[in-house]
Amino acid sequence: MVETDKVMRLETAVSRFMEDGAHMSIGGFTVNRNPMAAIYEIVRKGYRDLHLYAHSNGTGVDELIGAGCVGKLEIAYAGNGKTAPTCIRFRKAVQDGMLLVEDYSNFMMSLRFLAGAMGIPFMPTLSGLGSDITTTWGFSKAMRQADPKIVDQKLVIAENPFGRWGAAEKVVLVPAINPDVTFIHVQTADTMGTCRIDGLTFADVEQAKASRRVVVTCERLVDPGELRDHPEYNQIPFLHVSAVCHVPYGGYPTAVYRHYDYDADYLRAYAAAAKEEAAYRVFQKRHVYGVADHQALLDLVGAARLAAIQADPRTGYAVNMKRG
Amino acid sequence: MVETDKVMRLETAVSRFMEDGAHMSIGGFTVNRNPMAAIYEIVRKGYRDLHLYAHSNGTGVDELIGAGCVGKLEIAYAGNGKTAPTCIRFRKAVQDGMLLVEDYSNFMMSLRFLAGAMGIPFMPTLSGLGSDITTTWGFSKAMRQADPKIVDQKLVIAENPFGRWGAAEKVVLVPAINPDVTFIHVQTADTMGTCRIDGLTFADVEQAKASRRVVVTCERLVDPGELRDHPEYNQIPFLHVSAVCHVPYGGYPTAVYRHYDYDADYLRAYAAAAKEEAAYRVFQKRHVYGVADHQALLDLVGAARLAAIQADPRTGYAVNMKRG
Amino acid sequence: MTATDYSLREMMTLMAAREIQDGDIVFAGTGISMLAATAAKHINAPNSVLFFETGAIDSLVEELPLAVADPRVMYAAASNAGLLEAFATMQNRITGDRVIAILGAAQIDRYGNLNTTAIGDYHRPRIRFSGSGGGCDVASFVPRCIAFMQHEKRKFVQRLDYLTSPGQLTGRGARAAAGLRPGGVSVVITDKALMRLDPATGELYLDRYYPGVTIAEILDNMQFTVDTGTAREADPPTAAELGILRERCDPQRLILG
Amino acid sequence: MTATDYSLREMMTLMAAREIQDGDIVFAGTGISMLAATAAKHINAPNSVLFFETGAIDSLVEELPLAVADPRVMYAAASNAGLLEAFATMQNRITGDRVIAILGAAQIDRYGNLNTTAIGDYHRPRIRFSGSGGGCDVASFVPRCIAFMQHEKRKFVQRLDYLTSPGQLTGRGARAAAGLRPGGVSVVITDKALMRLDPATGELYLDRYYPGVTIAEILDNMQFTVDTGTAREADPPTAAELGILRERCDPQRLILG
């Protein structure tokens, strides 16, 4: 493996591209392919006042909020499948007034990343007309106008300038997002930064292309030649990537298709602990603050648990894994 | 191979989904992956007054125009690589006033298909501000207003409703396209209609999703199970597809990556003939009208020529093929 | 043959499954909605297409997914793309008009509007929920939506605390006036009854009450009243339906409990 | 060592190649522009990234493509996507600001605006060309554009018949007033000279004349005049440059003729 200026340790990448107050986004969706190793490292380093953009990045969002890293959150869905229909630390932070939230829908958030990726100021959609998403703003107008990094309007409803073309009279325009930094976890990346994602991409591709800096963690780090066999399978070309970190199990405890499943035991234990302050502190101290790095968490969890979530080669997930 | 209601002969699909005056689009780009078998069948059946949407679909566009099938054309680029920097029958038809043309850019046409695919009335872009593309309209306002199938305005320039967000003061809004029917040629399709394209997709995916009907021709027609191994490599799910036709060499004389190269001899001979009326009639009579179907054209061209354009398994094209 | 020994959860699941027609594109969420979509596929709509907001189309669900991003939705799908492709498929009328969606909510009003965001003041809510997810998008785009609700007074409300997913907004004509295409919640399935939305009034009406449930009991557990003039008793699950649901769709009883 | 036996086509190609800096993302069209991009990659900018509007990024060009959709651009690329991704990469400032583009045109004016659409009346042109293709998009988005032109009076015109690809429009400040970001044609390379666009005036000026070409000859073959005050003679191709160009970049002489 030849080192390049992009290949670095995760700890280095987090230090280099993160800072207090950063506008950031994370890849994945609820229990799948969250960049958990990166998130735990951010939590350990204790960044504060982060402005987090998410669609439905359940596990990662709740960890960052639970650690007190997030000051402002723009989000569509803070749930985590069966273990937490509403993410528990998120709910608590909102109900306690500790977190400023701006609500959008999943499509709106995806479109906002797409607009950022495409270099346009907004995207139109027909979603949300008549809803409180359009009328109720979590970030006040005054706050928006005072902060040049936040767009002045949550969204704009406009007449269709093409009459009734497309069977639409009105459109909702949602503003572009260009995060300072985005973290994603992928199955395969090469040393130049090109990524190949197996299974669903969620909004990772748009998030990466919208972002000024992109830190990729990967299960497999390969020479560029390997991914050049089928360029049509590489969703993120290296142009967009700032750092590549080889972190096997970097998505754990969320699932990484064709590699491993989510760890239902871990997610349930997290959710149980999250319900109560003292228990949460104990759980996080043991699993996050008390370990030096992601490998130490994996060692703590143990080989048996990792063996139990190994993906079946046919289906890409752990067949008959106990999840109930 | 199990037949389904979507699997049919190309002749059947063309008859079923085409009619005079249809608004249509074709996949591919200049000398690559044009749905040539379908185009030749459309030419043979003699459809007229077609409204053709194209970005840079060189070979196919020129064949349809040369046959007198096209009444109105919305296009970004009518060239065909080295053999015809400007497509010859296109140039002639425009200069003779036989064809009404509306000019856009490649990005604008791609965005228009994307808007159609996404179900929104328009897409914004920062392209073209200050250009004659925005100010000079090929289709008059009166003609546009008289025809409900044509949008009232070629495009609209609007202020950015989010102030200077995205470093843009103004945007160009380009209207959605939803063709009645789109023809594409792909390497692999299954009997349900799901498609897997090797190499560049150009705008085929957006064109297909924007279209009310989609006719797919394919090099390989497979059982659905075969494409389910890697769902992430299938760009067009069957939901969008109306007909699947198994037509090996269906892109000939344009290239189909990993299958065969363009036939430089054929394209040169076409361009030479296209320069002169009588020669063009002779050439087209021999190669298009004079053959019963695409297989008959391939038989006429002969095995030696097809052997010469066979793709090399390593590169996906015909290495050291004489092209000069 | 009808069964007598079934849970309300099973009844709800099968009531939803029966709404799905063969060939429908079925937008499924998590939990009971995913189970209903799976049940329809196995029972009455074998050619229905399972479809998830995460981007998976026609997944081969061998094990019940516990989230729409569960890797179990990725296996043997026709296509694994992303959120943009999924929502575009619904926003695009060519495909979107063939979609039937299954949603859940914390609150619903007489016009079929849904709240999945918050109870109390939005800025400092008494209870905060997950938020829209794809709910607002789906209710904006899709002509037929099934809402799953627990039949409780605090859930069938006079006025939503927050309107997350648009139904008929303030009633007949309001949806079109807002610029939305026809759609939103058309069916509500609870643990007591099935209600439908009357396009003529823009309001819900009682269509079916479950065996053993009285109309009074239904109305007593709602803050608003609905027309009950055409209500009839629902057919209970058949033994065949229950067998498939229990043995093929959720053998681990992950959702059925 | 400089060579004395070279064609003007070779000179033009190498003048363009020299404009490309290591690490640039090089947007290449067909013909001579693709050859110049390939030459830069082999001669002076090994880490430049070849990039095509069809969606191929960092292609391994073993044989010279004859079109941007030639399968030769697909081989061993970092990514094969489509038109939308390609143009978005340029419209997106994060990546777009790193792009240098090479374009051709039928007409150019003093402000670096290009015509690739038609000569004569647009609606019934005397000569119709291919149209914008990606030209308008690239000139709208990209900070540095090289235009290849034959140095002829009918091509360097007072007024374009059709403005396809925006340069500085009507001069200094006009581009920003129209809503365009900074960019458009910054260098013009002809068979006689290299001109640059002066940001201070928004107009072209003569920077280099080729060995053996006089300034008078340059101005005589244009409809408008340009500032020649700082013009110097261009360095002719080196033997090394020519060797690589001829032997590695276009051994079949598909473009060099």
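Residue numbering begins at 1 within each chain, and the chains themselves are lettered A, B, C and D in the order written.
Basically, a residue touches a chain if its C-beta (ideal position, glycine included) is under 8 Å from a C-beta of that chain, and two chains touch if they have at least 3 such contacts.
These numbers come from a predicted model, not from an experiment.
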- Query: If you check the contacts of chain A and chain C, which chains show up for both?
  - Reply: B
- Task: Give the pair among A-C, B-C or A-D whose set of contact pairs overlaps with that of B-D by over half, matching residues by number.
- Result: A-C
- Express in whole angstrom the distance between the two chain centres, defined as the mean CA positions of chain C and chain D. 57
- Message: Measuring centre to centre with CA averages, how many angstrom lie between chain B and chain C?
- Response: 40
- Message: With centres defined as the mean C-alpha position, give me the chain A-chain B separation in Å.
- Response: 37
- Two or more other chains in contact with one residue: find those residues in chain D. 56, 74, 76, 80-81, 84, 91, 93, 141
- Note on the structure: Residues of chain A that touch at least two other chains are 119-120, 125-126, 168, 171, 178, 199-201, 231-232
- Pairwise touch network: line, ring, star, complete, or other: other
- Pairs of chains in contact here are A-B, A-C, A-D, B-C, B-D
- Give every residue of chain B touching chain D within the complex, in rising order. 28-33, 55-56, 58, 75-82, 85-87, 90-91, 94-95, 97, 103-108, 110-111, 114, 125-133, 136, 138, 157, 167-171, 199-206, 255, 257, 261-262, 264, 311, 315-317, 319-320, 323-324
- Note on the structure: chain C contacts chain A in the complex at 30-31, 53-56, 62-63, 66-76, 80-84, 87, 91, 93, 117-118, 122-137, 140-141, 162-166, 169, 174-175, 178-181, 252-254
- Query: Which residues of chain C touch chain B in the complex?
  - Reply: 25, 49, 56-58, 60, 74, 76-81, 84, 88-96, 98, 141
- As the complex stands, chain B meets chain A at residues 115, 119-126, 151-153, 156, 158, 160-163, 165-168, 171, 173, 175-176, 178, 197-201, 230-233
- Note on the structure: Within their complex, chain A touches chain D through residues 116-120, 178, 192, 194, 209-212, 224-225, 227-229, 231-232, 234-240
